[in-house]
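Heads up, the next two complexes both have chain A, just with different partners, chain B and then chain C.
And now, the complex of A and B:
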């Protein structure tokens, strides 16, 4: 556990340095801590906020994913299953069609609102004398499909340039990061992250299913509702800040589980660090491979995440029967 | 013989899921510090009754009382400190060890910010020793045999340290030796720890040998309840299970033993 955390912290520090040093305008190591005003501008106004935003987004997505997997008792769950991504995309697209050239900020707000509305609708629709994970998953898939279809329909009515901008935003990237978005996201994430860590024990138990959880004295429906709320706050904010960065919410918790086991007190911090490293690495890679063009981080997370995940599964093939 | 006080009483309860009651207008008293076997054919409402006694389902009508207090009046955690329930064929999340599972039993004893205490440790150690699982505490659940896994779940239920234990078919799918292990453990819990145990069982002879009290259910109603020698008669077995059987004393324990007849269908219903 401790060794894993230290290694990840070192990795994150290395990624941070690399993100600051590397780019269209490469900086020498000496410039990083020097007095050169141009270098300082590049570092402080462009690269540092971008790296920090990637870090925060990764943490939010990973912890939201771990929560979703626990409450839905499904290893394939991620915040997307709660309809959060599709809801955010639909709201953003609606805004684009209704307004003329909406700002990135308003897209972010609409994205968060869409995520929250979808998650709320999901919880209401799946409530029938309490909720069950199967019903939540099925209704979540239905809502996502509906929102997805509506989004596609709307693209037909939007101005082609606005639609393209929205598509880029939705593809998930941190290229427009600045200090205000970093501060906002940090403040936004801090309480749901803290609450999730405090509730680690509740997450441990709810994975046993409602019958076992109830007979041990857990109010499973209440906990599930609260956890869906936390999950929405975390991933909705991540989506608002960086668009749809898929795959992190799915694989970061899995990687963490393979490293520190299933107890959430250890799993959640580990997943948060892995998620942070993943999104930072994805962004760094995305703006390096075909520079000066940039790949959105949302695409790179899948490109680097999937093979690494495969490697983890392969390496541990003999461990569990 | 003086009857022990009832630990759980059900007064005129009806329980159902959606339409139609599975249990109807049922009256029941579970004596305290004793081992009650809950029996009946498939679909007779045993599991439903057990789940309502555990507070997992609320009856549509009637009341259930635990030590004289209505079940509805208990907070969820408070009830879990009094009553533990082991469901039939429980499934644990992947990757847990025996100890991880047993530790979950301490949930109702911990507050939101409460740290793991010495009492929690002691309860887990005790539960592991009672079930003879101490040596396997660090093993992953997936690596255990069916009998060991069932004992691990029972250990979790024991770590809960409730006065009442409700077990739904704890011996099903176990081989004979493990079945006897579980039955003897339940008897030990009643005799040495003063627990009140209610278990859904299928083997009449095992139940008659180990249980103090026997409840026969038929179509959601009580067909008979009392001491095994009073309850286990040929007529009752024909009535409840639809099997013609002879009842004789068990040659080893002296408790009633039922043996189905060659032509086991009763003469008439």
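And now, the complex of A and C:
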């Protein structure tokens, strides 16, 4: 555990340095800490906020994914199951197709609003004398399908230029990072992340099933509702800041589980670090592999994460369950 | 788990319901073939099938309407049955046929063929899609079968989710930089029944029909498989063998369907759930109910979509989810499972 965390921290630090040093305008290592005003401008205004935004987005998504997998008791769950991605995509798509070139800020607000509305609707619709994880999953499927179909409709019949612009936003990227978005996201994420870590034991309990959780004194419905709320805050904000970066919320918790086991007190921090490293590495790869053009981080995340996850599966091939 | 038809009620209710569903397909098919921009009477539709005379109405029916309806029937029941099989094998309510990477593989192959090789004809794309779907599923099965425990459901679905994410990233990466291909492929990716010829259907139908027949024939074994590896083993079944068999069926069914109509979502995931919520948890019933219900849902949604939105190329995947999702949510709200 400690060794894993130290290794990941070193990896994140290395990724941070590489993200700062590497780019269209290569900087010598000496420039990183020098007095050159041009280099300082590039580092402080462009590369550092971008790397930090990637780090924060990765942490938020990974923790949200771990929470979703615990409360839904389903290894395939990710924040997307709660309708968050589909809702954010629909809201952003509507804005892009209806308005002429909406600003990044308005897209972020629309994305978060769409995510929050769908997650809220999900909870209301699945409430019938309490919720059950199966009902949440089923209704989440229905809501996501509905919002997804509306988005596809806009994709198929909207103006091709608008649709393509929307697709880049939907693919998820941290191109437009600046200090104000980094500060905002950092402040926003602090309390839900802290609450999730405090609630690690509740997550352990609810994973065993409602009957076990209730008999151990947990108010399962209340916890599930609160956790859906936390999940929405975390991944809704990440989506608002960076568009739809899929895969992290699904895979980072699985990687963490394979490294430190299922107890959430250890799983959550590990998943957060893995998520941060994944998105940072994805962004770095995305902007260097076909430079000067850039691939959105949401695309490269899967390309980096998939082989590594395949390796983890291979290494643990003899472990049952 | 509750259902609208309780276990205490006779098998007869289910048999009647299934027969009713199948019978409903006949008037639906005729109605779907009759409705469209050029008005054709129901009598003409019947005549065109049984006594073709080469008139304009008959040509419209045989070359445009019927292929569309047939594609809908085939793809609908194939996807729904493939979804039911996936849910039986993995025991996961989130499992859909595309979880084996079938849709993502087909989409990646179609986009690569259009963008890199310049393939444009619909009939050629059918084979690219089928090959893409089959190879993606083969890779998922190999990745998921690492190790002594073989293809466990958890490893399979994770490998499928990972490969799907990876392939769709590659597809998106190609499309972001190739507007022309994106423009021509975006209707395909929504799943559409328009513009299919009888030749396309003739090429794909054998695979789908084989898959359907095998699924119906071996539904008892699929039921046993859905009980989990231990129960299956104690009933004398080799779960590893049958899981492999189930994957082959899903490739035939879902691969054929995606080749024919593009990735139609929703059917494969939701129709088996609807079958379970109405006919109970027994896969011996879920599979035939899914086959009939999937065909019904796709053709109904396609025809309603054409009428309501007055666009002939309206993607069936969209109308299906727009019309079907509210119904499904209503149905799922009635579900009273506890502690699961």
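Going forward, the second predicted complex is superposed on the first by the 310 of 321 C-alpha atoms of A that agree within 3 Å, B and C clash if a C-alpha of one lies under 4 Å from a C-alpha of the other, contacts with A are read in each partner's own complex, and residues count from 1 in each chain.
Note that in this section a contact is a pair of C-beta atoms (placed from the backbone, for glycine too) under 8 Å apart; a residue touches a chain by one contact, two chains touch by 3 or more.
If you're wondering where the values come from, they're calculated on a predicted model, not measured in any experiment.
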Exercise. Label the relationship between chain B and chain C on chain A in the superposed model as either fit or clash.
Key: fit
Quiz item: Does the superposition put A:314 against chain B (first), chain C (second), both, or neither?
Solution: second
Practice problem: Scan A:2 for contacts with chain B and chain C and give back first, second, both or neither. | Solution: neither
Quiz item: Looking at the overlay, what does A:251 touch: chain B (first), chain C (second), both, or neither?
Solution: second
Practice problem: Go through the superposed model and pick first if A:217 touches only chain B, second if only chain C, both, or neither. | Solution: first
Quiz prompt | Chain touching more of chain A, residue-wise (chain B, chain C) | solution = C
Exercise. Report for A:209: first if it touches chain B alone, second if chain C alone, otherwise both or neither.
Key: both
Quiz item: Which value in Å is the smallest Cα separation between chain B and chain C when the structures are fitted on chain A?
Solution: 8
Quiz item: Which chain A residues lie in the overlap of the chain B contact set and the chain C contact set?
Solution: 75, 209, 211, 320-321
Practice problem: Using the touch definition up top, name the residues of chain C that touch chain A in the complex. | Solution: 92-95, 99, 143, 146-149, 152, 154-155, 157-159, 161-163, 165-166, 168-170, 172-173, 175-177, 179, 182-183, 186-187, 189-190, 265-266, 269-270, 273, 311, 315, 317-322, 324-326, 328-329, 332-333, 335-340
Quiz item: Quick one: in the complex, what on chain A touches chain C?
Solution: 74-77, 81, 125-126, 128, 132-135, 137-139, 141-143, 145-146, 148-150, 152-153, 155-157, 160, 163-164, 167-168, 171, 209-211, 246-247, 250-251, 254, 293, 295-296, 298-303, 305-306, 309-310, 313-314, 316-321
Quiz prompt | Interfacial residue positions of chain B with respect to chain A in the complex | solution = 51, 54-56, 76-81, 83-85, 87, 90-96, 100, 104-105, 107-108, 110, 112-113, 140, 142-143, 160
Quiz item: What residues of chain A sit close enough to touch chain B in their complex?
Solution: 73, 75, 198, 201, 204-205, 207-209, 211-212, 214-219, 257, 261-263, 320-321
